[in-house]
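Next, two complexes with subunit A in common: one pairs it with subunit B, the other with subunit C.
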Partner chain A sequence: MDFVLYGLTAFVILGSIAALEMKSLLSAVIAVGVVGLGLSIVFLLLAAPDIAITQVVVEVIVVTVLIRAASRVPAETPSLRAGPARTFAGAGLALVAVGLLVAAFQTLPAFGSQRFAPALWYLEQAPDLTGAANVVTAVLLDFRAYDTLGEATVILTAVVGALAILRRPSSRKEESHV
Partner chain B sequence: MIMYALAAVLFGVGLYGLLVKRHLLKKVLGLLILEHAVNLFLVEVGYIEGGTPPIRIEGADAAAFVSNAVDPVPQALVLTSIVIGLGLAMLMVALTLRIYERYGSLDANRMSELKG
Partner chain C sequence: MSDQQGMSLIVRVVTRWLFGLILVFGLAVALFGHLTPGGGFAGGTIVACAFVLAILAFGGARGPGATFARWASSLDATGALAFLALAILGYTAGAFLHQWAGKGEAFTLGSTPSIVLLNLAILLKVGAGLFAGFIAVALFEQTAESGKGADA
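This part shows the complex of A and B:
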């Protein structure tokens, strides 16, 4: 079980490196799809079926949009690649960040050893208080319903924003640019 | 611990993409990977060894459910985070396309030199 998780997560990490380093944008986008779908299996193994399902749906939509975008813009030409100095500086900074994170994670309880205190209250009370068999949806739609309302607002704002950005002035004469 | 470290490595890969890549679409991909890493870490925090999904089947033993189920709170919040990530990705891709149409380039270094 543990080794399946390690293997899948390593696969996801390899996919994300491929997504960043591939020359063809289409391949890079497909590699990002591999990352998302691999992660959804990891979520399933971590006993989170709701997240796994959502991840699959979201990943399919994101990859579709990214493929459309990738077909419209030029690929990463050698002149767009960062020089060795910037590459090493960036990689060094990323390594430092990983080191700091791993050091910080040492203070957490070991992986899989215990839950945080509120979990027990939710698990004991939520099914009876809300009548929902699935405690995740009970938290999402009952205890934190305002969060979910905010989430819907964020999605609406993002869609309106994307439409406003992509809308082109069609019939009217193009207004002068500032 | 190894699972936490792997999430940290995924975070590092995304950070590398954001810092080093000059192609704007590659930067977007880096940010998406960063987001995946954070989601993965939050779900890992709620996991317990041999845990079951936090879904109580009718007629099941309530005490066994409470002692075996994984933490539902991080899962609910990650669910929100994933869906918001979708909106974020849409907005970033729309901006990238618009920038390319307007400036004819996706070079982040040149963006900072352009005005207007």
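This part shows the complex of A and C:
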């Protein structure tokens, strides 16, 4: 189980690097799709089917839109390669960050252990208190519903903003009185 | 591949078969989100996927798509307002976002009506929002393309 997880994580990391390094935009988008798929399997193995479903579905729609966009851009995009000095500095910083992260993770409780009292309380009480057998939904739409309201507002704002920016310029001429 | 023509006959026939099934699946994921994995967000994205598939297969992002986009952005706002209205209805039970509709028998669709309605509001909001975003991007590309040639 652990080895599958490590393998998938390595796969996802390799896919992300590939997405950054690919010359062709379309290949990079496909690499992003592979990353999303691997990530959703990771979520599934970690017993989080809710997140896995959302991850895979959002990935499908995002990759579709991106492939559509990428197929219209010239295949070869100018690469943004850094010089050797910058690459070296970047690699050094990344190593330091990984070291700090590993040190930080040492202080966390063991992987999968239920040491957090609130989590246990929610697991035990949520079905009775809310009537929702799926505890994730119970938390999302009952205990933490304010957060979901904020989330919905963020999506609405994003969509309205996208529509305002991407609006056809010619429609202004046609509907100048609107 | 022109957007007005859509894709090949095979894709179009399969899309015609699958469109309804995807819609029902998305609706089910949202409707039973309080019992099984899933919820309004995942269900809404699946519903948006169905419409994106239809637009990609049959083309017409410009003609019908532009009309859909106007509808979709209204539906998007309707979903958000529905969520807010359901949240305010919570005041009838005491507080903002409280469960105002009571609780039914456990493990049934009616076990928690208010959460089901909230899930459906999110379905509307996410489904319409994502579809509107997709159409906006598609229209933008076409405008950018036609702008290179004659002023369409």
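Here is the rule we go by: the second predicted complex is superposed on the first by the 158 of 178 C-alpha atoms of A that agree within 3 Å, B and C clash if a C-alpha of one lies under 4 Å from a C-alpha of the other, contacts with A are read in each partner's own complex, and residues count from 1 in each chain.
The rule we apply is simple: a contact is a pair of C-beta atoms (placed from the backbone, for glycine too) under 8 Å apart; a residue touches a chain by one contact, two chains touch by 3 or more.
Predicted, not measured: the structure shown is a model, and the values here were computed from it.
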item	value
Partner chain in contact with A:4 - subunit B first, subunit C second, else both or neither	neither
Touching partner for A:87 - first (subunit B), second (subunit C), both, neither	first
Which of subunit B and subunit C A:26 touches, first, second, both or neither	neither
First (subunit B), second (subunit C), both or neither touched by A:120	first
Which of subunit B and subunit C A:50 touches, first, second, both or neither	both
Contacts of A:64 with subunit B and subunit C, given as first, second, both or neither	second
Partner chain in contact with A:13 - subunit B first, subunit C second, else both or neither	first
If touched residues of subunit A are counted for subunit B and for subunit C, the larger one	B
Common interface residues of subunit A - those touching subunit B in one complex and subunit C in the other	49-50, 54, 58, 61, 65, 69, 72, 127, 133-134, 136-138, 140, 148, 155, 158-159, 162, 166
Subunit A to subunit C touching residues, read off their complex	49-50, 52-54, 57-58, 60-61, 64-65, 68-69, 72, 127, 130-134, 136-138, 140-142, 145-146, 148-149, 152-153, 155-156, 158-160, 162-163, 166-170
Subunit A residues within the subunit B interface of the complex	2, 5-6, 9-10, 12-13, 16-17, 19-20, 25, 28-29, 32, 35-36, 39, 42-43, 46-51, 54-55, 58, 61-62, 65-66, 69-70, 72-74, 76, 80-82, 86-87, 89-91, 93-95, 97-98, 101-102, 105-106, 108, 110-116, 118-120, 122-124, 126-127, 133-140, 144, 147-148, 151, 154-155, 157-159, 161-162, 165-166, 177-178
Subunit A partner contacts - residues on subunit C that touch it in the complex	29, 33-39, 41-42, 45-46, 48-49, 52, 56, 66, 69, 73, 76-77, 79-80, 83-84, 87, 96-97, 99, 103-104, 106-107, 111-112, 115, 118-119, 121-122, 125-126, 129-130, 132-134, 136-141, 143, 145, 151-152
Residue ranges of subunit B touching subunit A (in the complex, touch as defined)	1-17, 19-23, 25-26, 28-30, 32-33, 36, 39-40, 43-49, 51-58, 62, 65-66, 69-73, 75-80, 82-91, 93-98, 100, 106-107, 116
